[in-house]
Structures are given as C-alpha cells and as structure tokens.
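Consider the two complexes below, in which subunit A is the common component and subunit B and subunit C are the respective partners.
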Partner chain A sequence: MTTAQQRQQQQRDWFQQLLTRSDVSPDSNMAWLYRLRDDAKRAIKTLPTLGSKQEAWRYNRVNDIFDINFDSSSDFDNDIIEPDINDYLLPAFDSYRLVFINGHCATKLSDIKQLPEGVTLGSVKAGLRSMPEKMIHWFDRNHQHNEYMFTALNNALFNDGVYLHLDRSVHLDRPVEVIYLNNNHSQSAQYAGSMIQTRTIISLDVGASATLVERFINGSGTGNNETYFYNNVSEISLADDAELNHCRVQDESRQAYHLSSLYVTQKKHSAYHSSNLAFGGAWARTEYKVDFRAEAAICDLNGLYAVDNQQLIDFHLDVQHRAESCRSREHFKGILYGKGRAVFDGRILVDKQAQFSDAALINDNLLLVADAEIDTKPQLEIYADNVKCSHGTTVGKLDQQQMFYLRSRGIAENEARKILCQGYAAEIIDDIALPELQKHVAEKLMHALNKNDPGAGGHDGY
Partner chain B sequence: MLTIKDLIVKVENKQILNGLNLNVRPGEVHAIMGPNGSGKSTLSHVLAGREGYEVIEGRVLLNGENLLELTPEQRAHKGVFLAMQYPVELPGVNNMIFMRESINAIRRARNEDALDAIEFLQQVREKAKLLQLDEKLLKRNVNVGFSGGEKKRNEILQMAMLEPQLAILDETDSGLDIDALRIIAQGVNSLRDPERAIILVTHYQRLLEYIQPDFVHVLVNGRIVRSGDKALALELEQKGYNWIIEEDAA
Partner chain C sequence: MSSTPKNVQSSVDDLIKASYQHGFVTPIESDTLPVGLDENVIRSISARKNEPEWVLNWRLKAYQRWLTMEDPEWAHVKHPDIDFQAISYYSAPRKKPGLASLDEVDPALLDAYNKLGIPLQEQQALAGVAVDAVFDSVSVATTFREKLSEAGVIFCSLSEAIQQYPELVKKYMGSVVPYTDNFYACLNAAVFTDGTFVYVPEGVRCPMELSTYFRINEANTGQFERTLIIAEAGSYVSYLEGCTAPTRDENQLHAAVVELIAMDDAAIKYSTVQNWYPGDEQGRGGIYNFVTKRGICLGKRSHISWTQVETGSAITWKYPSCILSGDDSVGEFYSVAVTRGRQQADTGTKMLHLGRNTSSTIVSKGISAGEGQNTYRGLVRMSKRAEGARNHTQCDSLLLGDKCGAHTFPYIEVMNPNAEVEHEATTSKISDDQLFYCRQRGLSEEDAVSMIVNGFCKEVFKELPMEFAVEAQKLLSITLEGAVG
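Moving on to the complex of A and B:
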C-alpha cells in the first residue's frame, strides 16, 4: 500500500530528479531568465502536490506519471540522427517550416528563408543567444504562471522552442509550420523515457496576422511504443486588431505523455482562432488560459479528439472575460472508438465589468464502444448582468436510423460507421483554416477508425 | 421475384404484421394502400432489413433466396431499394459522396468496376436534371435542411442511380406538390422494366393515375385483406376503408 504521504514524496522526488538531472544552462549572464528559472524551481518545491483531490486533476490519473522515471538530460545532442523530413511533410503544403527533434531545433530540416520584412521567426535557443534583449521582451514577463506545476517545470528547464514575432500591420503570406518529432532518446537504462520541453512564444503587434500550424509527432519512425513526456508551454499575445489562426495536431506515440499549456492574452479587437486535433498519446492534455485584456476581442477554440483503447485525452479550457464586448466560442467534439477516456473541462468566467460578453461552449461526444468513459464538465461563472452565455454538452451513440439508411444503400456496416463519424467530425474539420490540414486531419481520423474496424478483427462496436 | 408467405412480425412485443401474403413478379407494379398504422412501413422496413423487427413466422424470398437472413447492405447488393417515408438526415455527409459510396459499394459487391468520378458525375447530373432536382442539393449534406419534397426527390434520384431490381416506395408521393408528383412519377415510370418490380405504398389514388399499377392491395391490421386492379384504388378513394374492414370482419 502506498500512503498518501508516500505518494506526495514520490511526486516531489520526481520533480527534483528532473531538476537535478537537467543540463540546461543556468543562464547566469541573463539576469531575467536566471530569475525566471530560479523562481520556477522554488515554486516546484513549494506548490501543493498534484492529485485527484484537486478539481483540475480530478479525472486525470496524474499520479500515473510519477510512477515513470523520465530523463531530462539532453546529452543526445551530439549524435543527433536526422530523419528524412519528407516522411513527415504534408503534400503540396507551402509553409515556413521549423523542425524540432526532441525539443531541439534541427536547422538543416527547417526552411524559413525569405521571410517577409517585419517577421522574426526562429529557435528560442538561438534567439536568446543572438538577441537576448528582444527575446526577453517577447516573453510575458509579468505572468510567469509558476502557480501551475508543469508550467513551472517548463520555466525551469525549457531549452529551446519557437518564437514568432510580427511587427505592426504585417500579414504573413504563408503559414508557419512547426513539426515536433519526439521520441525516447534517453541514453540511460535507468529511465523509461525522455523528458522533452519546448517553449512557444508568439507575439503579434497591432494589426498583424499569421497562421501557425504545430504538429506533434511520434518521430521514432518505428512503431508507436516510444515513451516520453513532452511538456510545452505557449505564450501567445495578440495586440490590438491582431489575428492568429492556430492549428495544433497532436499525434504522439501511444506510450507518450503530452502536456500543452497555452496562455493567450488578447487586446482590443484581436482574434484568436484555434483548431486542436488530438489523436495520439497515452496521456495527452491541453490547457488553455485565455485572457481578454481589452474590449471586443474574439476567441474561437475548436477541437476534435479521437480516443482509442488505453488513451486518456484531456482538454481544460479557461476563458476569462475581463473586458467588455468580447466573444468566445468553444466547440469540442470527441469520438471514443476504443476503451479509453476523455476529459473535457470548459470554464468560462465573465467578470463584473465584462458587460456585453458573448460566450458559448459546446462539447459533444460520440461513443462507439460501450466501455469508453467521458467526463465532461462545463462551468459558467457569470458576474456581469448584461451578457449572452450558453453551454451544452452531449454524449451519444451512433444513430441507428442513420446507420440503417446508409446500409440500406449498400454500404457495409463498418463503412457506414466511418462515414457517420466523418460527418460528425466535419463541423470541426471544415473549420480548420487550411485545406491541406483539413485533408490531413480527415485522413488521420479515417486511419484511426480503420484500425479499430470490428470487421477487421477489432473489438466489439455498436 | 418476391414471395412473402404468412409473414408475422412483432415490434416491441406488439404484433404488427399478421400473416401477410404477397407475390410480386418481374415487371409488375404493386400498389399497397391501407389506413394509418396498418403496417405498410413495417412491411417496407422488414423487406429492407431494418433492425428492431422480430419475425415470428413466415418467409420472404427474393428470387428464391431467403431475404430475411441477409443484412440490409446485402439486400441492397441483391437489388432491394427502399425509398423511405421519412428520409434520414446525415449531417456532415455530402450528398454526392454518399451516392458515390453507395453505388460503388453495390458495384463492388457484384464484382463490377467502380464508377469513375467523371462517369458518376455525368450520371448524377443527368438524372438530377430529369427529376428537376436543384444541383445545389447535390453539394449539400444528405437531406439536411431539405424541404419535404426535396427529400423525396433525393430518394428517387438515389433509386434512379442504383437501378434496383425491387424498388419499394413508401409514401414517396406524400408532401409533394402537383408538379413534383408528375416529375417523380415520370422518374419511376422511366425505371419500369420487364426485369424490375416496384411496390408503391400510397394513400392517394392520384399517384396511381401517373404510375399505373398492375395490382392494388389493401393492408388492414397487418394483412392484405383485398387485392384488385387499379379500379380498387378508385373505389377506395370514393368509399374509404370501412366497408373493406367490415367485409373482412364478417
């Protein structure tokens, strides 16, 4: 028996081990960064340990993570094996591309030539070296988010990542694509997998606009059983009238742990639009904190998750209306096609002064197997009186009338099921800003559903 | 072609079909009329293989083969087509893609080559035009937001594309305006063929003016209580069903 106390100690040891093992430089020549890391380390030691007693982790089995030893060193750097990037590119997709292998920028695989004037894009590590002043300026220095354990961990140990900055009124002509190839690169048998951390820093100046695609991929090229923990923190700040289209495709190894924490701050009339597609991971969690800091900003968060046997996919959204006349939309759809679990936690806060707020949240879930599990929890906290807020969640099975209709037209049962799932997902997929990505995601979904085709000897569906 | 013998069917423990007999030969058009709730749609669904119907007794043979043990898709592969009384909406499923999946699934099951995209498109366009179905409906999601009449036309378009051996039309004429009725009737008539049989479920004699049936049957309480030619439909139109129900009871 493990007592609660032992569990807590195990967790503290887990974090301490990562801090000790890491070879990230202390950045003592950069006072601000040094302090950030130092504060973070202190926070990790003093924050309450994580567990199912905390609302944010209630359905999440977070303790499973602390049973696994992850290697936070990056001593693989010297003999990096560069994969054939063509294996990972989308057909005919024209982008400014950055590739990260296990959290380190692979310059040779990247292609960010001919960036238009007013655009700065590159690796955080290189940026901190070549233009520390500017880089530090783009970090959100007032909000370190050290109150979140894994964000503190990222603050303490992030080594590299992406920054994208657009000057005033610059419109990026092509999407920026970041490909993260992750696998277990630990050199030591002591560890079950690697700890990989990256930082994403996006800042768009007044009236600028861009499209960002991030793809998180199992990069081992060999099967789907790489164990690693990928921990990303993204800071996205949009100035007045700025607009970001953000598409994130999470397709990690089925033995991997993925945590993305996104902090979005929006100024007047800015617009943030994101599509979050989740397919992979043994445990994959995305946290959004959206902060409207001035009036009339717009935020659309969309998502699709497909959950197979033994997967846990988790979305935590926290949209805070703190200024007048902002609009937020959240629409997440899940397909549970195996005995796995999905968690959706969507909080909308409307502050007293945030009159004329317009917020709507929808979470739909389709269960294709009987023994999948879904915990969906919308939370509206409204303190202003003149607002428009709504939420709705559904959990359902495939419609038998629709199934019969398709089958009566000669379409086999498993095909009919796939067509209906595709139709169900279309609402989210059609909303992705780029047609190449739409196609990619539709294929990913089909691939997932094919794998568990009962006709192909999978488990029982209905 | 189709033989239904002493068919007894239960739905949710309630007996709906009570020993139904029907014989349909190739080339024939049979009209089935009858009061609401008499079991017409139940019969249609049982023929197409919808789940939830318990066959207690009886046989259904299509070209000598036991239809009841086939899945709905297998029945479609054998040429059974049901135009539904209430066509189902399929959100997110494109009408054109749906029809192509359907036709090619059936062709593959018959070891025929799939239609290529161009051939398919030509056929759909041509047939949609014949049925005066707005091409815009082809690009929309199946039946989603279609008007009642548009849904029915869409069913007939599918029928025209699939060219079934046995077509069952469950109240395809309900909710159609006069022009649409004529157009749909034309569509059905163009499919009349010595090799093909059609079962028309209808409440209205008017459809039968456009599509001349070889036989008219009256279904009451889950049984065919009277059969005749198209004169019977006229008689029903004038006198209603009560006289038949009374004669049957006597």
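Moving on to the complex of A and C:
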C-alpha cells in the first residue's frame, strides 16, 4: 500500500471506529430514521476520503484530525454535570433558551416556557419521541444528506439537537438562544477527547420571522482547554417571505475541533441574515451552502474571525443562485493576531436561469504578526449574462498613517493598534441584530487582542 | 429573462457563426513519424535532431516520469480523454540541407504566411522584426541574425542552440519548468521537437522585437515546442509570439513549455497573440492548447511581463507565471481571453513572491460569447520572506449572450504581515445604457459593440508592442465579426 492509500484507509478506519463505538441505537420503530442512518453508514464506506488533494480541503490540514482518537459514546449523566448556567448567560438578554451539554439537551437549564402560539421549539431527541410525523416532514425538506464524510457521520450518529418551526405569519417576539457547552466527557483514557454531534432543524413557514442565536462555548467549567470534536449539521428552510436572523458565536475550547455544515434553502422573497463570529477552536470550520430555490430571495452572510497562535479557522461559503432576481451579500473579515492560519473560500454560482442575480462578496484580512497565514479563494462561476456579480479580497497590515495619527495624539502603540482593530471589526459587529450580543462580541475581541499583544513580543510588524 | 435587445442578440449570433479566417492547409511534403509514443519514438526524435547524449537522457527520464503521472482534471474544462498513442510526435517540413537564405524556403510555405497577412519579407523590412518562423516543428527561416549577433544577442531555434551553445542550454533548460512539473510539461520534455532560444548578454538592449510565428500544419501532429529566454544582468528583450493554425477536424494537442530567466536589472517582455483553430460551431476539432509558461526573476530589480491575447483554440489552458525571487523584482500579467462557439479557456497566472519588496500586477479580461466558457484561475503567494511585497489583481468578465459562462477562481496565500494583496473581480454584460448611448450618437450596433469591447480590453492592449496591438485589435474584430463589421 502506498502512503496515500494508507492514509485513506486510516481515515475510513477512523470513521468506522466512531460508528462502532457509538451507542446511538437505530430505532426500528422509525423506519425513515433507520434508513437515514443506514444509508449514512454505507455512505461512509464509499464517499471519497478527505484530503489536501480535494479542492475544498487543500488548505485545511484535515488529515491531522485522523491521528486523534475520539470517543463517540455518550456514556455520561447529564444531571450530574450541572454547571452554573449564569456563568454563561449574557447580561440582561431576554430569550427563549435551550442549553445543550455535550450535545444533549439539559432541560433543567433551559427555559422555553410561554412560547407564543404557532411556535414549536425543543430538543430533537424529545421531538422524535413525541411527534415523529412532524419530524420526518422537517427532515425531508433537505436533500443534502451524506454530502461528505462528516455530514454522513452526523446523519448516522446525531442524537439530539434543536428544532424550531414557525407556523405561517408567526413573528417570534424574543430571540431563541441555544447554548452549547462542550467539553471532553470521555470516560476512557484511550481517547484524546469526545465526539459530540448535534442536528439543527429550522423551518419557517410563509411570512414567519425569527431571530436565532447559537453560542458554542468551552464548557469545561474550569476554563481548561479540553479536546473534543463537535460536529454539527444545520438545515434551515425558509418559505416564501420568511425571514431569519441567525447569529453564531463560536468560542470553543482552544484544543477543540469544531465543524458546522449549514444548508440553507430559500423560497420566494425570503431573507436570511447571518453573523458568524469565530474566536475559538484549535481547528474550526464552517461550511455554508445557500440554495435559492425561488426568485427574489435575499441572503446576507457576515463574519468575523480572530485567529491566535496554533489556530486554524476556516470558512467555506457556497451561494448558489438558481432562480431569478436573488441578491446575496457576503462580507467576512479576519484578524490574525497570533501565529495561526485562516482559510476562506467563497463561491458564488449563478446558474443559466438565474438572470438578474446580484451577488457580491468581500473578504478582508488583517495580518498583525509574522508567521500567520491566510489562504483566501473567492470564486465566481457564472452562466447567466444579465447579472451583477463581484468579489474583492484584501490582505494587509494596519495602515501606517492611521497608526501615526493616533500615536501623534499620545496614544500608546498597543492602544492604537487595538483601536484600529476595533474599528476594522466594527463593520461586522455593528451588523449583529442584537445589541446585547454586539457588546458580548466586542468584548470577546478586546479580550483576545489584550491577551495577545503583538507589540509586546518585540518588533513583529503590525 | 434576458433583456438583451434582439439586434444585439442577432449580432452576437453572427459573431458565433463567423468562420475561422485562417483555415487552409498548405500542401507541403513533410517528414512525419508514425503515430504513437514509446522510447523508440523519443530516440528517433533525438536522433533525427542529432542531439547529444545528455538531451536524450533528459528526454528519457522525463518519459519515465510521465508514465507515472496522471492526466490532470482540476481545470474548469471538459474534453474527451486524449489518446496519446494516436498522435504523431514529429513532423518537419522536408528541407533541403543547409538552408542559406529565404529564397530557399519552400514558396508554398511562404505563401501560407502571406495568406495569414504576415508576409515574412515585408515584415522584416517594414516592421524591423526578426522572425523565427516555426512551421510545424522545425525552424525553417531565421532572419536578422547578423544584426542581432552584432549586438551579441543569440536568437535561434532550440535545436540549433543545443548544437552550438550546449553549456547555456544545459544550464537553463528545465531550471524554471522542471520535467517533473506537471503532466504536459513532462510530456513536452520527453518529446519536444523544437522551439526558440534567446540569449541576451549583460547590459544589452535587444535592438529589435523578436518574434516567432507558430503554425501547426500537419494533421494529427501535436506540436511540442520549448522556448528558452535568458536575459543577463541589465539587459532587455521583447519577445512576440503569434499563432494561427489551419482547419482540422481532429483535435490537435499543443503542449508547449516556455521558460524565462531574468538576472539583476534585466527585463523580459513576452507577448502572445494566440489564434489557433477553435473548432467548428458544434465544438468539433480545434486545438487543445495546454501550455506551461513560467519566468523567474532571479536577479534583483528584474522584471518579467506577460501579455497575452487569447482568441483561438478549442481549449486554452495556460498560466504564464512569475517566480519573483530577486528583491525588488516585478512581475506583470495582462490578458485578454475570448471564448465563443464551444471554446473553453482556463487561464490566469501565478505570482510567487519570494523576495523582499517584490510587486506584481494582474489584469485579466475575459470575454465570453456563444457557448464559450471563460475561466480566470490565478495564484498569488506571499512567502514569509516577502517583506513589503505588493500585488494588485483585477479580473473583469464580459458576457455576450446567455449561454456562455465566466468564472473566476483566484487563490491568495499570504504568510507575511507586511505584504499587501488586493483582488477585485467583476462580471457584467454590455449594458443597454452603453449601447443606447452609442446608438444615439449614430454608431451602428456592431460598431458600438466593437467599441465597447475594445474599451474593455484597452488596459491590456496598451501593454502590447505596437505591431501586436494593431494585430490584436484586428483579431478581436475578426473574432467579433458579424457583430463588429
């Protein structure tokens, strides 16, 4: 066997080991779910293995993951581990709240009472028990199953997650907040960390609107950076005129692996706005697939990533214009303040029939230190002629003139640098729909910039 | 759906139907190897060319390597698998030994050039251009040799250079594009037949624009030339490459390799007008143009500039690149690529910044019409050492018609915080407002389209040497014939 073949085999073994170890029991009472899991397991045997030879993974060093053993059993008791949830709440933030500990819904910490009529919100595990017919309907909305190894793994092994359904014309008065507290709960010393998998299912009926906040947090309690792999698949479907505001704050343990695959399907005149903030993880990747299924839909994807030493943060966006007159905007900004790596890949596809498409993508990157690396790849793939499409990318350091301006007014170098970074990030942060969250994210960024002062370690440039 | 005015659409349709101007076959007896590729073929090519042992060994090493490689599939193009055993790897016009002057060149051959509108003698006299015409694979006429040799410039075919300047060739051939580089470069290293060799000594400014017109003539003949240009410290050379090929039904493979080497303060300007047979309306025939072009700015303050106008070929697949190794060196890439009918182009550049304060500029203009697919694919890499490096990239695509495609795939890798990179890309069509403005001022639809397209390409055309700029505009007009009168 060649080295390449050995690697492929190692990868297949890695996935197989997770399937074998897992205690997610295929429920034979639910034929469709049984089939879904069974298909996924078979797909893992046949899907192409991941590696730098694949275009979508060329900058990602995904192979390193397969050297680490993760424990896919969920052999722990939710009720024993009961963190003080107040440690994790945003001050004065009024929301319908769901808390997940290592991918399992912690009912005691959640608060989803007094939901308005026409709103269904809860844990997937409970939903599968109490209303399997509805769940099958929502699961069926998306056909992107088993797209690649990790989504197949999620299909085979997801145990819990969030579902949110809004009936026709329902407007949710308060945001839905989902807090994921993740840590290493593996009971066995032979594993480096645990494997946590959740599924998120959002479906908004005609004219409905909601705000969803998802926060992925290092939940070790002690603040220790533990190793775990969090693998999420989100399916979001918006009916005609529906609108979803989606904020995702990724603040995982700095030893953690985080993978989110989001599939968004949009109907006529629907609108999807998202803000993606990425701070944590040793390896973190977010994949977006937005599919315009009918005309005049709008999609805004915004993001900010702050990359420290030994971090790899990766965003893959794929917006597919398959219907007329849709508009998409993507704006992602990165600050590399430590010796880490950021990867950005944004594709805009405009199909033949998608005339009058309007798409724009911007990716800006600020490199504050030497030995950081940014690999960015915006892509336009256009098959229709009457369209307006553009993309722009920049990579650079802080503007010397702006630095001079601040320095000449007596502001210390570190402070000046922070002020400029704040200003740079403000464009994304100010776009977050919720002021409480805006504040939280701005603080997170300040904290990160304070902790790693590039000026402190000698002349590294800025 | 599309709001394209009917008359524009019809002119675009005319454009699509405009037939290839240069489709004729010159009946010349030629010395062609039977189809197929194995070691014997390579030995036979080498023997015919009287090559020294080291060249043959290099070819054979490349061939062994090639056998282990796989046909790359990453490009945004579609074509049936190429049968490498169905190609003849050597075709030379049968020549009289010891060709002394132009008078001895086969008149039919000279006539072919005349039909293309590039009369050899006239061009020598009028334009002051030395032409090293490659008819199929072997150089048959090299002119202005004396004037060049006075200046100390060597301008000859690569086979000649191998005989006469083996040290130079041995030192530099394969140093920028090693035979291991990629599938087609490797194939070229094994079977290359001829090409151009240019050597400009230290401090010399080449007294004229050097030019080669390539033609592919023999049916089923892949053309595998290699070009090697070396500019010593403080020298300057401008090289022009232009191509046309007669109509054929079978696909012809063209896998060339171009290597440029620039020492301290040297500048190389490499311009291409590529107008090979693009295939018919159904996408039958046409040239597969899979080329590896790369230059290295070895010296400080050296400068390499690529300018290309790509209107021909069924499939164009090339990425003229610059390795900016010397401090303060400069790389440039200016490109216009036109695809119509069923043409596909996947082209762009790589700018690899290694030295300090290196800078590069990329301007790429893609025009797609009919069912053409046009892709820009480029890489800008700022290595750790590239302090203060700069890059600006501008990619614009123009879509004429609703069946074509325009794609942009830039890769940007930055490892130095003091490097700055900017990339911009836009895709649009000719707006009704622009057309209306021109029409209102009495321009015909065709003239208006022509004017707008020319304006769109202006940034690139102005980088071309005079003679080429004229030809490029002419070529664009011919390509847009029907639409552009």
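Rule of thumb we're sticking to: the second predicted complex is superposed on the first by the 443 of 462 C-alpha atoms of A that agree within 3 Å, B and C clash if a C-alpha of one lies under 4 Å from a C-alpha of the other, contacts with A are read in each partner's own complex, and residues count from 1 in each chain.
Just so we're on the same page, contacts are C-beta pairs under 8 Å (C-beta built on N, C-alpha and C of every residue); 3 or more make two chains touch, one makes a residue touch a chain.
Being a predicted model, the structure only gives us computed values, none of them experimental.
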When the two structures are overlaid on chain A, which partner does A:Glu381 contact: first (subunit B), second (subunit C), both, or neither?
second
Answer with first, second, both or neither: which of subunit B and subunit C does A:Ser408 touch in the superposed model?
first
Which partner does A:Asp173 contact after superposing on A: first (subunit B), second (subunit C), both, neither?
neither
In the overlay, work out which of subunit B or subunit C sits against more residues of subunit A.
C
So, A:Glu373: does it touch subunit B (first), subunit C (second), both, or neither?
second
For A:Ala425, using the defined touch cut-off, is the partner it touches subunit B, subunit C, both, or neither? Pick first, second, both or neither.
first
Would you check which partner chain A:Val395 touches, where first means subunit B only, second means subunit C only, and both and neither mean what they say?
second
Under the contact definition given at the top, report the residues of subunit A touching subunit B in one complex and subunit C in the other.
none
Within their complex, subunit A touches subunit C through residues 55, 59, 324, 336, 352-353, 355, 365, 367-397, 460-462
Touching subunit A in the complex: which residues of subunit B?
48-52, 71-73, 75-77, 81-82, 84, 87-93, 98, 101-103, 105-106, 109, 141, 158, 162
Would you tell me which residues of subunit C are touching subunit A in their complex?
1-4, 74, 382, 384, 397, 399-429
Footprint of subunit B on subunit A - complex, ascending
399-402, 404-413, 415-416, 419-420, 422-427
